[in-house]
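Chain nomenclature is as follows: A, B, C and D, assigned in order of appearance, with residue numbering initiated at 1 for each chain independently.
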Amino acid sequence: MAATIDGPTMYPAVLTLSCRNRPGIVGAVGNFLHEHGLDIREAQQFDDRASGQFFMRVVFAPVDPARCLTLPEFSPVADDFGMDWAMTPVSHRPRTMILVSRFDHCLVDLLYRQRTGELPMETAGIIANHPRDTYAHLDLDGIPFHYMPVTAGTKMEQETEIWRLVRASGAELVILARYMQVLSDALVAKLAGRCINIHHSFLPGFKGAKPYHQAYARGVKLIGATAHYVTSALDEGPIIEQDVERISHGDTPEVLVRKGRDIERRVLARAVLHHLERRVFISGSKTVVFAG
Amino acid sequence: MAATIDGPTMYPAVLTLSCRNRPGIVGAVGNFLHEHGLDIREAQQFDDRASGQFFMRVVFAPVDPARCLTLPEFSPVADDFGMDWAMTPVSHRPRTMILVSRFDHCLVDLLYRQRTGELPMETAGIIANHPRDTYAHLDLDGIPFHYMPVTAGTKMEQETEIWRLVRASGAELVILARYMQVLSDALVAKLAGRCINIHHSFLPGFKGAKPYHQAYARGVKLIGATAHYVTSALDEGPIIEQDVERISHGDTPEVLVRKGRDIERRVLARAVLHHLERRVFISGSKTVVFAG
Amino acid sequence: MAATIDGPTMYPAVLTLSCRNRPGIVGAVGNFLHEHGLDIREAQQFDDRASGQFFMRVVFAPVDPARCLTLPEFSPVADDFGMDWAMTPVSHRPRTMILVSRFDHCLVDLLYRQRTGELPMETAGIIANHPRDTYAHLDLDGIPFHYMPVTAGTKMEQETEIWRLVRASGAELVILARYMQVLSDALVAKLAGRCINIHHSFLPGFKGAKPYHQAYARGVKLIGATAHYVTSALDEGPIIEQDVERISHGDTPEVLVRKGRDIERRVLARAVLHHLERRVFISGSKTVVFAG
Amino acid sequence: MAATIDGPTMYPAVLTLSCRNRPGIVGAVGNFLHEHGLDIREAQQFDDRASGQFFMRVVFAPVDPARCLTLPEFSPVADDFGMDWAMTPVSHRPRTMILVSRFDHCLVDLLYRQRTGELPMETAGIIANHPRDTYAHLDLDGIPFHYMPVTAGTKMEQETEIWRLVRASGAELVILARYMQVLSDALVAKLAGRCINIHHSFLPGFKGAKPYHQAYARGVKLIGATAHYVTSALDEGPIIEQDVERISHGDTPEVLVRKGRDIERRVLARAVLHHLERRVFISGSKTVVFAG
């Protein structure tokens, strides 16, 4: 959350909020913005009848560019409804730490999308458990690269160092871009709600190793991938995005792995973009995604 | 638009509105509902920066079930912003006239979805340019069936009769369920915004007859269908819904026609449902669809 | 398998075969057909390197319409390679028994597709564990309807009767069109390779009751369906076809059920068509599907 | 076409052939391979009833690794049926020339897929009408980069130079990876059947500039891309692959362009892979694609 959004460069800005649902929220927020000379560009809300929780995302900008809002001005409204809220300039590009293992298809894709401006983020660093030359053809363009091999014996130290780097780099988001290590519950807890993982998905699902080989043996006709927030329940956190592709009996496990790479990278990129645009809210074990 | 929505059975209700965009709309609507003891269940809005038009859909219900709203109460707000608006009970099932030619896959599908309750409508009648026995196995369950053959010479009379039936039956919606006749501009004008058509779509598009044969000859890899509001521009009205399916070189034109039937019926059904749930707004040559 | 395919009405015909893979099969089959004056219209084969099994499907017809083939003529080739084989006229419409419970969306869809000629089968009967009036609006057009309620106490007797009806009706295929009963291993064994079931599928999968409610609680972004051959492993037989649809956080369990119906019926219809066209081969726990 | 495929490293190999359809082809090919001690790994054929043309793709390998085939051995069979044919080691990695303009998403993607081994090709060079620093972050890893600006006045000279480079580099394939220049009929003729282009596709299609802006104005619900062989009919050559993505009224033209990039690069990559694996045959104005 931005310390303040005073200054024209701060607009348009995004207001995200959630609270127990009760009548009057939309009117109160709408009026507040209107009375402060702010025009609503986009607004989406969701009333989760199951949980009784209310979620809202509003993109706004001053009618008079000279006009500015200071965050405390919204506090009375927020306090009245007990809101968990944030205001962030749309132009804000969160610093992001990317963790990767041997396969770099997601890493390469994320960096490319950042360069084209498609992903409004700033890569604060890359943490890999393989050495730099594993990604020889990747132009890091000055992004800090941290080689952190991990073994059963050094896992705790390695995670401590990861956490230190995340804080030191000011990373607001951590992406597990095919990082094949399970994070400890302790680290997961520290990264709650800001650590996104990608993994393959099948119908039906498979447990254990070599899932693509299992999918081949089982003769599934679709393979997919799921991007989710990391929780202590392995590969079971709140789902942000999913997609699938059709396969056939002729596709070998190697072909499935290749097609899987395509799905993984596009699903992860979509999930990260939704997160960066502040479209994703966690509601218990699921997400609310205000897709564009 | 409902004459009034007084009475508990009328809730939840849907408020749909559009007007020139200007600051304060969301707050005004939100406050109005709140001050009248109405709770917002769902709300979506869209600010079409291109046209400057604002669109909003709100589902609401009284906090106190005994409380009721009379439409004039909203008029001041509506007038203030120059809104084009309507309030309709969610339970309202619009009367619908279905026009069909020889192929009945869309007709059969629409009637089945009405029976399962999936499509909240009441079929006021079926107008076909083929005789009743063309649809021998279809149990109309008392739905009036009107056989209206059409020839170049009788087209005007036939359309006059169609229009008479639409009014007489109180139909709020007209569905061209693979009705292979082009309506005259005069009739199209009378049905503006409440007549939905379905037709095949390809990339690239094809003009002229036997489109599936053209698609085969051209070797397209995808075939699709488009549901849209009917305008005087043939098959070019505002698009409500589209979908496609993958095909291969081995699919004969007959197979394409068969696969096309599947796409046509599901695209039409989705478009009709969006319309019935009052999720679709026409904005010039396109639509705004507040998908669930 | 046709007793014989003598007579012009028998062509084109489909030869399906499988055997241990070994060099020379394609040549032997190709030559056999050529030497017997038969032209290949379509041919697909698959060499399952994992299992060492070979699968082939050939559509053929005589160059000289007067020419006919008697099955024994192919026996030497078949015996030489130890083939499991069949020759069937493309015009053959297998008799099919459809089992259904309360929800009839798949049943209605299958019967409609049979009438349009899309599904080349002949419904030999319908076995329902709900009374006829559950499907009041369905015109059976003379198809025998068998009401067979089932309870824990009568399950064995009911299955015995089902098996009697399948044999008595000469049904070659049994379709579980949302038949919510688990068949006993004994009955499953008798129907091996000719009983198709449809069930919902999710990523990740869910065990237990009310799967759509679980999917909602879990916030999955895709829901799907799987059609498979029935084996003693519940919902785990060889997969024939699968498909999915995108959903959002706003979709209630009721909406998921509705969208699920659409996926279920089209996935089941595709699987049944593949089976009827003799495009599906079972290879251990998976299928080989020579899609058109 | 390989000069010869003598030597174990040459296997498995792919035989691709097309000829006027007539009985006996499959048998003749199958027998030839069998008699020469070659085992069929994969085989697909298509009998285009519309054109009377027959197409076949066979992957084969010697039963005895020491055994080799010399091309002339197949000539008698080929001549007998008047086949247009080729035999190529699966390991063959065609040299490829990639042409690009300002947008490099397809170029970056193709090079990445080549490095991972997903695309079995060797990039012989890159021809760009923008200077090298336009692609500053792209590690070319020694791939020759040719900056060839083009103006109306220099187009002929530029194309002459392109053609010279294609020949000099031994490129068997030319990829227009978002190369926004129309090639002259003369150059197109020289590249017939070995030049692949990618372009956006919509339902309905749009002519003229800024297609994504037109798609936005028209409110289409799907955007797509088409990969095709280049012919003198602009963007109308035989289609190899197509795909689409769902969009909404909220997606600005900028978002459509971004989503379009994703579709373009994956559709182009699939088309190139099909071509490299020799799965694509041109049949008049369409293609036959023996998908894996």
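Throughout what follows, a residue touches a chain if its C-beta (ideal position, glycine included) is under 8 Å from a C-beta of that chain, and two chains touch if they have at least 3 such contacts.
Just so it is clear, the model here is predicted, and its values are computed rather than measured.
Visitor: Among the remaining chains, which ones contact both chain A and chain C?
Guide: Both-contact set = B, D.
Visitor: Report back the single chain whose CA centre is most distant from the CA centre of chain D.
Guide: Relative to chain D, the chain with the farthest C-alpha centre is B.
Visitor: Provide the C-alpha centroid distance between chain B and chain D, rounded to the nearest whole angstrom.
Guide: Whole-Å distance between the two chain centres: 42.
Visitor: What whole-number Å value describes the gap between the mean CA coordinates of chain A and chain B?
Guide: 36
Visitor: Mark out which residues of chain D touch at least two other chains, giving numbers and ranges.
Guide: 42, 46, 49, 248, 250, 291 - these are the residues of chain D that touch more than one other chain.
Visitor: Quick one: in the complex, what on chain B touches chain A?
Guide: So the residues of chain B touching chain A come out as 23-35, 37-47, 49, 63, 246.
Visitor: Report the residues of chain D in contact with chain B in the complex, numbered from low to high.
Guide: Those residues of chain D that touch chain B are 46, 48-50, 201-205, 216-222, 224, 226, 236, 238-244, 248-250, 252, 283, 285-289, 291.
Visitor: Would you pull the chain D residues touching chain A in the complex into a rising list?
Guide: Those residues of chain D that touch chain A are 42, 105, 108, 112, 115-116, 118, 137-139, 141, 248, 250-251, 255, 258, 261-262, 266, 291-292.
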